[in-house]
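Here's the structure, in structure tokens; my notes come after.
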Amino acid sequence: METIKQIINPYMLYGLCVLGALGVCLALPRRGISPQVLGALVASLAGGLLLLAMGAANPGSLPNIYFYVFSLVALGAALRVITHPRPVYAALYFVLTVIATAGLFLILSAEFMAFAMIIVYAGAILITYLFVIMLATQSPQEGEVEVLTEYDTAAREPVAATVVGFLLLAIMTTLAFRGLPDLKTPAPLQADSLLAEMPRKIERALDAAGTLPEGGKVKLDDANRAVVDWTTRQVTVVAGGSESQVAIPDGLKASNPDRLGFNLLRDHPGTIEIAGVILLMAMLGAVVLSRKQVQIDEEAKMKQANSLAAALAKAKIDNRTGEGGGME
Amino acid sequence: MHATSILSTWAGLLPAQHEAAGAAAQVAGAVDGPAIAALAPLLPLLSFVLCGLCAAFKVRSKLPAWITVACLAASFAAVVATTLDLREAGAGSVMVTPLFDWINYSWGTEAGQHFRANFAFHIDSLTCLWMLFVTGLATLIALYASEYMSHDVGMGYCRFFAAFSLFVFSMACLVMGDNLVLLYLGWEGVGLCSYLLIGYFYKKPSAVAAAKKAFIVNRIGDLFLALGIMLCWVHFGSVEYREIFARVGPSLELLREGKVDQIPGIVQLIPLLLMVGAFGKSAQLPLYVWLPDAMEGPTPVSALIHAATMVTAGVYLIARTYPLFLLSEYALPIVGWVGALTALLAATIGMAQFDIKRIMAYSTVSQLGYMFCGLAVLGSVGAAAHVFTHAFFKAMLFLSCGAVMHGFAGQLDLRKLSGVAFMKGWGVVGIAMFVGCLNLAGFPVITAGYWSKDMILGDAFATPGMQAIGWILLLTAGLTAYYTFRVFFRVFVGPKHFEPGDELHAHDDHGHGHDDGHGGHGHAAGHAPSHADFHPHAPGWAINLVLGILAIAAFAAIVPLMTGGDNGPWLASMVDGSSAKYLGVAASQAAHAAGHGDGHAHATFFGYDAHKAMMVVSGVVGFIGILIAYLLHYAGRTTAARSKADSLLPAFGPLATAAQHKWYVDEIYDLLIVKPLWVISNIFALIDKYVVDGLVDFLGWAPRAIGRSLRPSQGGELHGYAIGMAGGIAVLVLIVLLVTF
Amino acid sequence: MILFSLILIPLLFAALLALAPAAQARSLAFLGMLTSSAAAVLAMLRFDWNNGAVFANEKTFPWLGELGIQLSVGADSVSMLMIALTALLGPICVVASRTAVTERHRTFFGWLLVLQAAMYGVFIARDLILFYICFEFTLVPMFVLINVFGSTNRKHASVKFFLYTFTGSVIALAGLVYVAKFNAELPVSATRESLAAMMQAGGTPAPGPGVWTFDIETLGRAARRMSSTEQAWVLLALMVGFAVKVPLFPVHTWLPLAHTEAPTAGSVILAGVLLKLGTYGIFRFAIPFVPAAFAEYAPLIAQLCIVGILYGGLICWVQTDVKKLVAYSSVAHLGFCVLGLAATNATGLSGSILYMINHGLSTGALFLCIGMVYERYHTRSMKELGGLAAKMPVWSTFMIFFTMASVGLPGLNGFVSEFMCLLAAFQASSAWGSSTTMVEGAMDAGLWGSAGASTVGATHGGLGPWYAAIAGIGMIVAAMYLLLMVGRVVWGPLVEPHGHGGHGGHGGHGGHGGHGHDAHGAAAGDHHDDHADAHGPLPADLTAREIGVLAPLAILCVVLGVYPKPLLATLEGPVNQTVQLIDSARSMGLQLEAPAHTTSPAQGGAPTQGLAQ
Amino acid sequence: MTHGTLSLLAQTGFPASMAQATLAHYVVVSLLMFVIGLIGFLTRRNLIIMFLCTELMFQAAGIALVAFGRFHLDYTGQTFVIFVLTVAAAEASMALALIVLLFRRKESLSAEDWQELKG
């Protein structure tokens, strides 16, 4: 309990969990009158209070204001995803969630991930979802009021699910908060050593800064790394056989995609392979599954069976062979 | 050897007989009885078997009756022969005729480690006395029944006589058995026969119910009797009379020395238990309720079983185990009070009844009460004498009633019959009835009933502490005289008048009876037209003969009562020569001494000698009773149904109604015992079904229910799995949380 | 070998039956039953009845040597009597089922034969495992008989019967195996060692302490050396198994159901023999194995019996189903039987064994009678049946006769055993003795008025007169319910189920032509052709075959009621032996327990404290 | 979005450190989103929405991964988000194909209509 208290009063945490549970429970769609708006408000209130209450004891270490904006938008949109009776809207709200999450990623200095998220998720996956939703939902006929399907309008066992969910939340937050203060803050990076891995980038920067001698190239060592003296921030440049020390421009450092790329490709090459295979298999699977052939076979079988049954029945009734039926 | 051993074991009576004889010989003082004594029970058994065969071969003649009469007569002869043998052996001698081993086993060589209850017959004068009138009366009544039951020839006839014979066999076992277990066999055997014969008209629900009631009420008594036997065995290590009486000696010594409080409690308890058995069989309070209902049976059965013989088994039991009763401080007074109260209660009920057979039944209960009182006031001779005389005159009364019933199509209501004695062919019946009534009422000097009743009354007043019983009995004597002659004056004399019964009992389920059985009578305008043809059908020769013999016998019963040899009157000598008077005089004196201290002085009746005073007083009381009956039911009677007595009835108010309804005893028993038991049984049945079995079913159901409740979670529903997974994670994480706390 | 043939012959015939055409099933089954009964009679002839305690005709084959399991048979007089009962009822059941079973003859009679073999096996087994296998294997045929040939609720009844009794038996097996394990772990005594060295022919060591064996006698000897706690647990295990089978009061509920649903032959075997497996098990195992514990807990068992007697009896009284009534009466009757065992004296044990036989005869016969009526009217409800005496005089005679035997009328078989059981309970009280040192004795002495009263007929035991007195009420209750049944079904106005009662005047018909079935047949033929078919070729009253089925039972009822002496004589041996076991255990227990009580606190206190610290 | 705002949002490179309290905020957001997704999965019956909810949970996991990576000054967290993205895409393609197939059979998107798939 002591460790949790550094972050939040546990009773407040559990109280807000209950409140949030109540809100979500109310917000879930159900038959008849469902106080969805009220529920959403309560849930947002609980979430917001939770976020505000955390670390209130030490205002200096609070995240910046955009965190609150993005996280509340993300959570509110997520709540809307699970509460909105229309799948299309749910998917669109999910897009909102993705965008807000991307905002959080930005705050976390994960710009590449933020945009990748928007592009891949919001741009690709969600569009696929929308397509499927369109495919799988009958459009209302002319002059017909669109009726929501029953399985969209009524949540299933909202209370039980909410209880289980928020129980899990309470337990997991407790568990997480108990461990968080024990985490050791890692030492700050001493030098941007990753820059040495990118001699071309240094070259381009020197070139842009005009400090690169004509025809000069950054000197590479055996491992194709730029030779940099980090204490003076000078890189050895070879120009026409002669070496010279050139200072690296101040603003130059490895960008987020740089680092990510290095991490991804240098540290996890096998995982990439596996991911590739997964994607390939998914593609094949999707192709196989959505082949029209399957359906035709099924339909054909069914038709055949029906016609056979009809033929037999016919034969039974008027004692004739059911060849005509078989031909159908 | 192997192959033959089982055969030899089962081989039969002969070797076993020797064994038993050998065993019996070991007992001190046992004299081998005459083999002919064994015929007394065996001949009725033979008759039973033959009648059974008749039934099996569907004999449609009177053959079973003749078989029965012949066998019973032969049995009577065997008893007579035995009695003569016994007289030769001398007064007070005891003989044992062993037949074969029955329940006989041992688990050691010490005393009390050998249980022996054999088929062996204990013959002493008490046995002979009882057997004489049992077999004698049975023969006569069988003869009577041969005519009485004639309308059932080919149907129930064989059944009737088979049960009749079986009854006599059982009664013989009861009386002659040489041990208490054999007595118990006879005891229940007569109960069975009573059951079968009461339920003879098995299509009548009332008869079936009465039979069942008789058996069950008797069983209550039987249980106590059985417990008494067990206690007897635990204490004495034997159930055979000879050994019991031999071992009762030390206690009798204590009694004689006045050290009553040193007599072991167990011994004192034995008579208390035996007594309840006697109350059941002899229809005493509180177990008398079966006897009046038992009148559903054919009249000969009522006469023999429910008046003359079986119901006196209780008296016999007490007389037989009299030494044991003497040992207890409480047993005899309880017997006395129960007897007296029963006598009074039954007499009051009898006064208010209209069914003449029922009146006789209550009179029987009442007279049995007399006999118990006789035993209680240390007058076992009087009790035995009353049993003896009562057997004759009560049987006769029943048979007379039966003749009336037989002749008037089942009519038993004394308001619907009048002047029967003066009708053609009914003379013998009338005379027999008159004789019986005189005896029952205790008409002075000339009737045997007077003398035997007198003995009991005398003893009651002569015994210190028993005067209260004496007064009750005296009152009862007056009531008895009244209700007896009420029947006589209403039914047998007066203006001739009769209404036939609705149906003869016996005819209700037999087609041929309907035509001639349904009679009409001029006065009975309300009846069916065919009643006009009704003629009372007068008794035939067999009935008349039997009634005649009995009428004579009822008077002749005085002879053994009053005359005899050196040891006093015959009957008294016979009783005194048996266990009923076993050390009796000394013991009673000792008991008196222990109770009061003033030795041998008899109590007196207002200063007169009680016995002599009673001769006068009881005669006067009897006269008064008869006189009242005359005034109310003969002198004042205008028609069959109406008399002055009826106008007096309202004076008694609810008392009369209550007496007419038998003081509601049946209803009270029903309410207090039967109904609660029925409710409890139903509750038990429910408990068994829902609790005991329910628990078992629950144990079987629980696993299935658990499985069933879990089944939906595996129903292929995605959410089910999901929620299970989420819940599972929650639980797992919670465990981690708690463990790492 | 003759005893082995008792198992083998019915099995052989069952196998033949399975191969034979269905039409000959009945006769083949009858032949098989007769042959096995003949073998039983032969075994009985070879038995030395004078030495009832000696196990005769013993024969042993090795079987599973490693565990010391043998095919070992033998019979003392108790076993022989039970075999006699089985041998009597087997053929009777086959004959009685002649018309009752209308289809699947091979299944019915085949399983009946298998059942017969299993029952024989139980009574002759001298090896625990053989006993247990046979004991359990009786369930399978009975299950089939009830499940396939029972009446409406048969599925439920059969499953309940099977599971209930099976559960109990499994617990009993646990107790028995514990005894075997205890025996195997005993130190091998010196003399035993030399004996164990001498291997038997099959290469297995001779049964004795220290080796795995299931020889009943060896195990009995070993079991008596167990501590009192162990004995109590083993007794509990055994009693659970056997009490369910008997059945005793709280575990009886399978019985009415199974009886009601079973076919007639099944009911007869169930009441006649199968219930006796429980009492036989108590006599053969519970008492000799753990006599001290049995004597100690006998009052408890007796109390259960008494509850069963009264409770079962009163429930009988409110039943309307005749068969259920008789079934519940079995609960009450077997209560008497076990009461005799719980008395732990010679009277009680003899009485109890007699009771097993007598109950088998009289109740079996009652079930037969009810079955005969059921065949004719297809109902067992007392509301629909009544006054059958008018129509079926012969049947009624038998019915009343067996009812009276069941009520315990003296002169018939029921009385002897019932009286002995009650007497045994009555006399079996330590309070009777002159030992005034015991508190109980002193109290009772006060009650009885005098100390030192002579009680020569008393024996040791935990019961007493009150047990007999209260159980004796059961006699009254028995009369109440059985006479109620007779009064309704046999006597009273004729009542028949719808479709039967329509023809003929109730009274007139019964009165005039009641003796012959011709009148009935004619009437039925005239008015109710369909119903004439419905109850087949059976006449109104019993056929010669049916009389032939009932007559031997009736004769035996009389013979055993009047002359039980040979049975009592031959039972003296085993019974007295068992009583000696109990008495010696009791006296040893008294000797051992007294010092144990005084010393144990001192000795046992220290280690307990040490542990606590 | 102005440059200033963007730079405010995205501190270029990794800033020196991140407070534990701040990390706690992200963890809470992630858990909340996860739980919302979970609840959605449990309560909604439309197969498509259920898949959307799984995507929500992926999102939540992504936030946590990125936040922890930031705290530890390690890019592996982001790398894993990429993999998650990959798997999500694969899953989405397969699942949606299946949903389309199922919808063709029963004209319904209700998860409860497919109980027989339990086998």
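Letters A, B, C and D name the chains as they come in the text, with residue numbers starting at 1 for each one.
Here is the rule we go by: a residue touches a chain if its C-beta (ideal position, glycine included) is under 8 Å from a C-beta of that chain, and two chains touch if they have at least 3 such contacts.
Just so you know, these numbers come straight off a predicted model, no measurement behind them.
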Chain whose mean Cα position lies farthest from chain D
B
Centroid distance [mean C-alpha coordinates] between chain B and chain A, Å
103
For chain B and chain D, what's the span in angstrom between their mean Cα positions?
99
Between chain A and chain C, the Cα-mean centres are separated in Å by 77
Here the gap between chain C and chain D, centre to centre from mean Cα coordinates and rounded to Å, is 73
Touching at least 2 other chains, the residues of chain A are 156-157, 160-161, 164-165, 168, 172
Residues of chain D that touch two or more other chains sit at 38, 42-43, 45, 111-112
Where does chain C touch two or more other chains at once, residue-wise?
none
Touching pairs - complete list by chain label:
A-B, A-D, B-C, B-D
Enumerate the contact residues on chain A facing chain D in the complex.
7-8, 20, 24, 28, 47, 50-51, 54-55, 58, 61-64, 66-67, 71, 74-75, 78-79, 81-82, 87, 90-91, 94, 97-98, 101, 103-114, 116-117, 120-121, 124-125, 128-129, 132-133, 135-137, 149-152, 154-158, 160-162, 164-166, 168-169, 172-173, 176-177, 180-181, 183, 185-186, 188-189, 192, 253-256, 259-260, 262-264, 267-268, 271, 275, 278-279, 281-283, 285-286, 289-290, 294-295
State the interface residues of chain D toward chain B in the complex, per the touch definition above.
38, 41-43, 45, 50, 111-112, 114-119
Could you list, by residue number, the parts of chain B that touch chain A in their complex?
719, 723, 726-727, 729-730, 733-734, 736-737
Please name which positions on chain B make contact with chain D in the complex.
714-719, 722-723, 726
Parts of chain C lying in touch with chain B, wherever the complex brings them together:
44-50, 160, 163-164, 250-254, 311, 314-315, 317-319, 345-347, 350, 387, 389-390, 397, 400, 404, 409-411, 415-416, 419-420, 422-423, 426-427, 432, 447-450, 452-458, 465, 468-469, 472-473, 475-476, 479-480, 483-484, 487, 490-494, 507-508, 510-512, 515, 562-566, 568-572, 575-576, 579
